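Residue numbering begins at 1 within each chain, and the chains themselves are lettered A, B and C in the order written.
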Amino acid sequence: MTETVYALGVQDRLVGDTDYCDYPPDAQTKTKVGGAVNPSLEKIASLHPDLVLVTKALNLPETVHSLDGLGISSYASDPHTVNDILTSTLKVADLLGVPEAGAMVTGEMQQRLNSLKRRLGSFPPRQALFVVWTQPLISVGRSTFIADALLHAGAVSIVDSSQDWPHVSLEEVARLQPEYLIFADSHSETVPAQVDALATLPAWRILNAVANRRFAVISDAVNRPAPRIVSAIEDLARQLHPEVFADKPTGAKEKIEKQTSPEPTKPPQNFVFVFPSQSTGTRSLAGGCACAL
Amino acid sequence: MRPLTLRRLLLQCLLLTAILFFVVVVALKFGAVPVSLYALGRDLLRVILGQSSQISSDYGLIIQNIRLPRIILGILVGASLSVAGTSFQALLRNPLADPYVLGVSSGAALGAILGLIAEPHLALPPSFAGLLIPLCAFLAATATIAAVYFLGRRQGQIDSTTLLLGGVITASFLNAVIMFLMSTVTSSNTRGMAFWLMGNLSTSFQKGVYWFLAAGFFVASAIIYSAANDLNLLLAGEKEAMHLGVDVRRVQLVVYVAASFLTGLAVSVSGAVAYVGLIVPHMMRFIFGSDHRTLLPTAALGGAIAVVIADTIARTVVAPNEIAVGAVTAIVGAPLFIYLLRRRLA
Amino acid sequence: MSSPAFARNPSEISRLSNDPRLGVEQVSYAYSANPAQAPLFTLEATSFNARPGEIVAILGPNASGKSTLLQIIAGALQPLSGRVLLNGFVVHSLSPRTRAQRIAMVQQESRLLFPARAWEFVLQGRHAHGRSLRFESADDVLIAKNALAQVGAAALSDRWMDQISGGEKQRVILARALAQQPLLLLLDEPTLHLDIAAQVGLLDALRRLAAENRYTVAIVTHELNLAAEYADQVVLMQRGRCLRVGPPASIYQRELLEQVFQTPLSVEFASNGRPRVTVLSGT
């Protein structure tokens, strides 16, 4: 959420964010109100925000209710798909009184996504396994945001589960033999070592993707439903379909380049958003850093 | 008057081994991928006879590399936990004792969490990377064993009440530390941790680990078994046992170390699988009596059977997803325990 | 040690005329919970001997050190000074296994965690005689059977230990001790939970067994009349001190007993030469 606020250009009205909001770097200079799961309500209240921004995936409803009790408005976003992010960004822009900025940002995002779609066009999507955790093997369900992001990047998750974080059977994965393993890691340097380590284990060795070291790393930005997600998706697409992007440098270890390179991030925390206020104009708004995990 | 004879013991073990074999065959058959037992059997025979180096049937690789090691892990973990549970129940003279009551599993869990936190910051060679967590868990378990031993001494030797108190307090303390760490650690780690804490057999290891587990199990169990008769006498009380000729101090120390070692081994590779170490000894006692010369081997086999069954359920009931094996043992174990308890009181 | 007041038949005299098997030599003990504090309980230097076939009663009121003395004789406690000899061996320096082959202890209640049958219980007595891990041999089974028969509990063989009466349990516990084939049989207040008939039955059995199998028996008790009736020798204790050692006739003097037991008594002698004590009520 903090990133969204920055992308919309209204960061001056952001009076506070959570400990984990660190992108862009300037966000670190904002007043911190604590963690995402249990922020300090006193701190929030002391900043007199008009609006608090929250992500449903990470923040607790209790926080919302508490803020409600304090009379502070909040807005909760709950993006399950990439399109949801676009909608949510527009909504936030509206609330913050900068619909034009919102339209511009989302317009650019949409354009890049469409361009990506065109380029990937006729190529079949890669069968991929998104690895949240290796032992035990935890992946993502079909209605998660990540699963949708994969689709936009030219991949399809082989896991079709209604749970969000299913514990998947390695046998099933070995039967399906995904073409790629996808990791989300802030330290993309450690992933090759991780895969090498997996290659020493009998159960993982039989996966072609492990034996042939076919893996991709998606930036940690995928955990934060913010405009940067598009860059993350583009970068992933590049790793998965090197033949499509022959003109660009390929490599599984490429970091995402953006205006500034992202700092190593811990999962950012979220802020509860209370009901939107009627504000437009220059009233200062409390910002929360809404970063999805 | 029918005293225990070697023949009767061997027959009982044979019966249980046959059941275990049957359970293993069933476990090989069921899973996320379909298996033809005939083809599997034929290929296994070829491998054993040296005609081919691996199973070639459909999904043979999956069976050989994923399912079979997992079944073997289940056997070793189940057997280790049951023998440890039986030993602690005798050592502490407490039918409610299980392998975790003295804090070894909490220590192992803490070691694993610390290993998890440290892992990204360490540059490890690939073959070692997979061993880090179990190794940390095992080392922490060993440290816990030593700490509880020193806490549990009174006038220089193990006193069962003091040991129990020391162990329970240590377990509480370690659990509190674990809670603290889990609330401050990043949430993707917590997810992995939660499964591990519940007891989970889906981890894959290098071959050497399985050999080490097996060797450790047999050595420690043999040591405990050599004191089987002493344990029988210990049940009547430490003083009485001594008057009957048991070197109580030595037996307590040896059994404590061996049983804790077994627990540490099991927990390091599978997390804390619930109820197995508590219930299986009681069930075997119910069927075969409380003579440890019978109880120890039958508990080992019974534990292996129980865990393989539980794990088969865990990986088939919501296939292709899995649930933690500890969840299955808890769901089955708790009512079973209540039932056994009521029978005892009746 | 003999006294003309006792009527003894010649065979009894000949059985008793062996060298002392048990030698308690100046044994003392102190126990303190805290090293810095003064010891809580002391047993002052105590000595006595006992021969094969002899019954010794360690007699005294509560907290007189009787049980401590028995534990030292059993080798379970190491005396602060002095030593206990059994056929020339220092008891405490023997391994628990060797000790258990020679000394058997009968304590009051046996707390069993898991149910066991009487024969299983008695078979435990054979543990010290075999390798640590082994299955009982036919000999062991025979000895256990005999032991049960000797205490008159053969019928209890298949019964569960937690389903028999206190007196029956006591007999089974004694059978287990006999199964150890000991030289020395020690009993700690064996009559505590028994009714009169059971008490007499037990002591009759002990006297018979001591005579037949040449056991040396030491019984800790506070029952004046039982000790008087059955003991060949009495060790009189009070507050950790051994006041006197000798046959009942010489120990049972009214003033001495009144001082030890703190209650008015009268002492008579029965026709068999054994003293009989009557407690006087009132002032």
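In this text, contacts are C-beta pairs under 8 Å (C-beta built on N, C-alpha and C of every residue); 3 or more make two chains touch, one makes a residue touch a chain.
Bear in mind the structure is a predicted one, so any value in this text is a computation, not a measurement.
Enquirer: What's the minimum number of touch steps needed to get from chain A to chain B?
Expert: Contact-graph shortest path, chain A to chain B, evaluates to 1.
Enquirer: What chain pair has the highest count of contacting C-beta pairs?
Expert: Top-ranked chain pair by contacting C-beta pairs: A-B.
Enquirer: Which chain would you call central, comparing Cα centres to the global Cα centre?
Expert: Per-chain C-alpha centroids compared to the overall one single out B.
Enquirer: Centre to centre, using CA atoms, which chain is the farthest one from chain A?
Expert: Relative to chain A, the chain whose C-alpha centre sits farthest away is C.
Enquirer: Between chain A and chain B, what is the separation of their C-alpha centroids in Å?
Expert: 40
Enquirer: Calculate how many whole Å lie between the centre of chain B and the centre of chain C, each centre taken as the average of the chain's C-alpha atoms.
Expert: 46
Enquirer: Starting from the mean Cα coordinates of chain A and chain C, work out the distance between those two points in Å.
Expert: 82
Enquirer: Where on chain B is chain A touching in the complex?
Expert: Going by the criterion above, the answer is residues 31-33, 59, 61-62, 64-67, 69, 120, 123-124, 126-127, 129-130, 133, 186-188, 191-192, 195-196, 200, 202-207, 315, 319-324.
Enquirer: For the complex, give me every residue of chain A touching chain B.
Expert: Chain A reaches chain B through residues 132-133, 135-138, 161, 163, 165-172, 174-175, 187, 190, 193-194, 196-206, 266-267, 293.
Enquirer: What part of chain C is in contact with chain B in the complex they form?
Expert: 74, 76, 95-97, 99-101, 103-105, 107, 110-116, 119-120, 123-125, 127-128, 132-136, 140-141, 144-145, 157-158, 176, 180
Enquirer: Given the complex with chain C, which residues does chain B contribute to the contact?
Expert: By the definition above, chain B touches chain C via 1, 3-6, 9, 93, 95, 225-230, 232-233, 235-237, 239-240, 242-248, 285, 290-291, 293.
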